[in-house]
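Input: structures, listed below.
Each of the next two complexes has subunit A plus one other chain: subunit B in the first, subunit C in the second.
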Partner chain A sequence: MRRWWPGGLRARLLVAFVLVTVLGAAAAAWSSAGSAGRALVAAAERGVAEAVTGRIGAVAAELTHPPDQDALDRLRAAVGPGALATYGDLRSAAGTGTDLVTDALRSAVRTGDRLVTQRVAARDGVWLLVGTPIAVTAPDGARTPSGIEVYVARDLADVERQVDGLTAGAAGTAALALPPAVLLALAAARGVLRPVRELRDTARRLAAGDLGARTPPRGADELTELTATVNEMAGSLQASMAALQRMRADARRFAADVSHELRTPLSTLTAVVEVLAAATADVADADARESAQLAIAETQRLVELVEDLMEVSRLDAGTASLHLEDVDAAAAVRDCLRARGWLDRVELLAPDGVGLRVDRRRLDVVVANLVGNALQHGGPPVRVLVGALDDRVRIEVVDGGPGVPQHVRAHVFDRFAKGDPARTRTPGSGLGLAIARENARLHGGDIAVADPTAAGGEGARFVLLLPREQEDR
Partner chain B sequence: MAAILLVEDDPLVRRGLHLALSRHGHDVRTADTGEAGMAAFAAAVPDLVVLDLMLPGLDGLEVCRRIRAAGEVPVIVLTARSDDFDVVEGLAAGADDYVVKPARPTVLDARIRAVLRRSTGVADGVREHGDLRIDTAAPAVSLRGAPVALTPTELRLLLTLSRAPGRVLSRQQLLEEVWQHDYLGDSRLVDNCVQRLRAKVEADPAAPRYVQTVRGFGYRFGPV
Partner chain C sequence: MRRAAWVCAVAVLLAGCGVGPSGVLDGGPAPTGVAPGVTLYFLDADQRLQPQQRATDRLGTVSSGVSLLLTGPGPGSGLHTQIAPVATTRVEVTTAPGLLRLVVPLAASDVGPSGVDQIVCTALGVHVQGGGDRGTRVQIRFTLPAPGSDEPRTCPLTG
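== the complex of A and B ==
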């Protein structure tokens, strides 16, 4: 749809206001100028008619009847300039305008037996024509038409000029109303638009997450009601968000508390399972030995799970801290692999001299997790590639296994997301990748799982990007 | 075999660690509160104290400070992992090392043995560095003739650094040599121990003469 109406509320208000004001002023000026003009013309007509009648009356008595040319000339001269006197075929004319007398006027004068006026437009102006028959009064008082007719033409240019002046004055007055109309329109627009603008700003701040944003309601109009409604809405939004955040905080605190509480019995278990294993090491009962080994393994797994849960809690709560040190990326990765006995199972392609500033323990956690996953869920060959970008270091872990299925890829960093639903009893807490990614992000980096087809290879490909420089925190 | 005082409030954890450390050949005494721990410490000074930081009453940090003030008995604190506040405070209170709970007895035993290890290899006699006299055979340290009392860890740090004056050792190297930690050792252990060592051997610890910081690399001894 075509927009013929200005878009902004301010422009609309301005146009409407000015239109109404100008139309009103113009109508008032037009009607007053019109009636004044009509009165002027009527007065001019009356004046001319009276003058003509008076002058004819003054000379009528001296008229001989029937008049000769000479008498007509005298009559015409008495009436004044621009006059025409006729009697039958005789005519006496002088001055301009007498040629404007039409046959229609003549017949009206002849048959009407009274004074007739007519306005005609001619010669770039308006002319007033007055025609009157002259009656002869008999001694007995009876009046009979004498057959003499007098016509007078008067130029109404003066009157027209006066009327034009009036119109111009009215237009000027109407024009004078324009600037105040614009100012008033602007003021009204301001009055309406300021609350609207304030509401808009408030809505923006709300949208940006500042749920404390409010607009103080002023006055008692519809906009004030709207403002109050928006404030109410923001209030209930804020309350809901606060409740939501409280619930989240409660859930996190619960997880942290549970992990914390689990740690004490786990401390005891950790202390005694080794005693148990050592005590059963030389016992003949194979089942007892295996049971002790299982107890150790499962206790260790519980410890790791609880540690991971606590680490997640710290990351969630934002209390995880970074101990930044300058390390060599290749050396750090090699140390990580060596500490876990993975050096002969993993191919490390890392140039020396790629330095970065990281928390060594957290980098170790990330690399160990990615490589551990590749060894466990992927397939050989497992390769770690370290590369330096402009301001970042790229550590890639690639394996030759089946890769991460498309439908799993989006959730692979979720908590307790396991790669294969049929394999839920694999070692690991299910928090490893989630923690790895949080650790990367804590450094201002990130981990992504690459699309193997895009990378032109098979198997899983995890890419860790870390900034080389870190602000000390 | 070492005489160990274990201060831990939870009875089952205390008993479990008691069993496990005894199994590793240590002579373990236990205490369940900070006050009881201090009393046991005063009654018979142990070779080493294993101290839980979360104690009711007199807390672990205060116990650690008092033990440090009383002498050179090494302290290993038990702390929640990455509970940074605990670690930092524990090291500042003078702990020689810390072990994360739940502590595996084999790990704890290895740390105990590392902390108690007296010599660092070859005893090459007496070394003189300025006012500092280091007898590597005893081993003993004296400053302008007066003996300086150092904890085993402080002594080992000084011996390790002074073996090659002027050579820079990184924190990681020191962690591996002095504390026998793996490559992920906590470098704050080194920094804290250096501070304590300077307080004992330097005339002005803010402008150290013997144990100098090499910014970005680590520490070096002298050269004097």
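== the complex of A and C ==
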């Protein structure tokens, strides 16, 4: 079934108020108009009946009995227009409306000794019919029917008009109740809906992240209780969010502090290890030489890790700065590969003249990371494809290795994520892809793992998208 | 279901308005007053009141009935009257609630005790036949009243 009532709270309140008020007013007005109307009709009928009785009584004593045609006509004339007098087969001239006389009325007159009335509906409205026998009274009061019957028809149009007037008045009274009902309903709806609307706005702001949003509670009804509860909820949410934020900030600051503190001893350590390496270069003992080289390699890894940590800290803290310049994408990628000596191991498919505006150093970091990963973890052939889209540049790094398993793809950009859990000791900090993605996002771009190049899940494909134009930030 | 209830309520409201047809209703007692003649009261040999029908074709008024009474029972009826013959038979009748006042062209001495009953019964008979109350009393004013002659009376036959 279709909903046929209005949906809004305001509209529902309005309809309910108006219905109740108007129905109440209409019922009261209708009942009073109805009883007044019935009284009017009854009075009119009584009046007609009494007039008929009176007029017949006034002339009856002078009527010849048994009556002849002349007597019946005189009787009819005395009763007035719309009358008919009969005696046996004798009938007076028929008055207007006497053709409406029903069989029920006629039989009631014939068999009874009382005056009877009946309202009948005619073509032009309701008529009142009065029928009465005329009794013969003995001197001792005994009554016997005389055989004379009188029928009278009266148009009730006047009474009908009066009753209609009463009804119209009642309808008008009921209609008068309508405007106050509407105003009351609007006022009530306003009182209920304003707190609801305020609460809704507050909830929206909370959902949008404005945890400081509150609704001032007013009054002492259920809606006020609800408002207070929502405020409490928002308060505890805000408090726990603030605690969480503080903890995260603390953790980040700790990482930044740690890496910063490590840098100075590490540079000393690097210098010492280099001296050690130079000193052991000529030592005949292969074990000592190998140990020294291991120390150098691990120290370099440590330095890289600390530098990556510091970069992550800067990116987290939002203090990383962008030095934007106009760059040719193909040239930038080629420079990056050339600087690392990868030009002979990597196939570069890049059209010239794809310009974009980026921080050259950060682009270099990203590309080096992606290509380095491909060379290290993937397999040949490693390809870098540069393409221009409408407003973005697409740099794709593809390799022919085993590819990135489906279940790992969601986590490859996480910090310290390892492509292969079994391979715990690998060169690299584990922050490379995380830093690459942060850098891409710093430019308003992103990096994603795309579907493998070859069927069967072989070959990893990382796609870097960067906008061509940077809005100033 | 709910809509049906509304329709019913509105229909009842509409039906209550205006004047509709009705069945046959009682409207009170039927009028009366027709009669083939008037009943006069005379006395028989035992001085008892006896009704005598006069075929006047109509009931007529109290005044005409009493006037007719004053003209006597007529010959051959075996009845007599205790009211002395008079030249004029004009009787004036005024009605008050529960009381008929007759002004007769007679002296109190012209009428015997049963003659008063004749007048009272005749007047009351016409009154009742014309639809009047049976408990009505009759007061007679004579041209020469006797003490107590204008007491309100009732007919010994009917009341």
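The working rule: the second predicted complex is superposed on the first by the 419 of 473 C-alpha atoms of A that agree within 3 Å, B and C clash if a C-alpha of one lies under 4 Å from a C-alpha of the other, contacts with A are read in each partner's own complex, and residues count from 1 in each chain.
Heads up, the rule we're going with is that a residue touches a chain if its C-beta (ideal position, glycine included) is under 8 Å from a C-beta of that chain, and two chains touch if they have at least 3 such contacts.
This structure is a prediction, so every number in the text was calculated from the model and none was measured.
Undergrad: Between subunit B and subunit C, pick out the one touching the greater number of residues of subunit A.
TA: Partner with more touched residues of subunit A: C.
Undergrad: Tell me the contact category for A:438 with respect to subunit B and subunit C: first, second, both or neither.
TA: neither
Undergrad: Regarding the shared-chain residue A:326, is it in contact with subunit B (first), subunit C (second), both, or neither?
TA: The first partner, subunit B, only.
Undergrad: Name the contact category of A:198: first (subunit B only), second (subunit C only), both, or neither.
TA: neither
Undergrad: Would you check which partner chain A:160 touches, where first means subunit B only, second means subunit C only, and both and neither mean what they say?
TA: second
Undergrad: For A:399, decide between first (touching subunit B), second (touching subunit C), both and neither.
TA: Neither subunit B nor subunit C is touched by A:399.
Undergrad: Which part of subunit A faces subunit B closely enough to touch in the complex?
TA: Its residues touching subunit B are 260, 263-272, 274-275, 278, 303, 307, 310-311, 314, 320-321, 323, 325-326, 335, 339, 360-361, 364.
Undergrad: Under the stated contact criterion, what part of subunit A meets subunit C in this complex?
TA: That would be residues 26-27, 30, 33-34, 37, 41, 45-46, 49-50, 52-53, 56-57, 60-67, 102, 104-105, 108, 113-121, 126, 130, 132-141, 143, 146, 148, 156, 159-160, 163-164, 167 of subunit A.
Undergrad: Enumerate the contact residues on subunit C facing subunit A in the complex.
TA: 13, 16-36, 39, 51, 57-61, 121, 124-125, 128-131, 134, 157-158
Undergrad: Which residues of subunit B touch subunit A once you look at their complex with the stated criterion?
TA: Residues 10, 12-13, 15-17, 19-20, 23, 80-82, 84, 101-106, 182-184, 186-188, 216 of subunit B touch subunit A in their complex.
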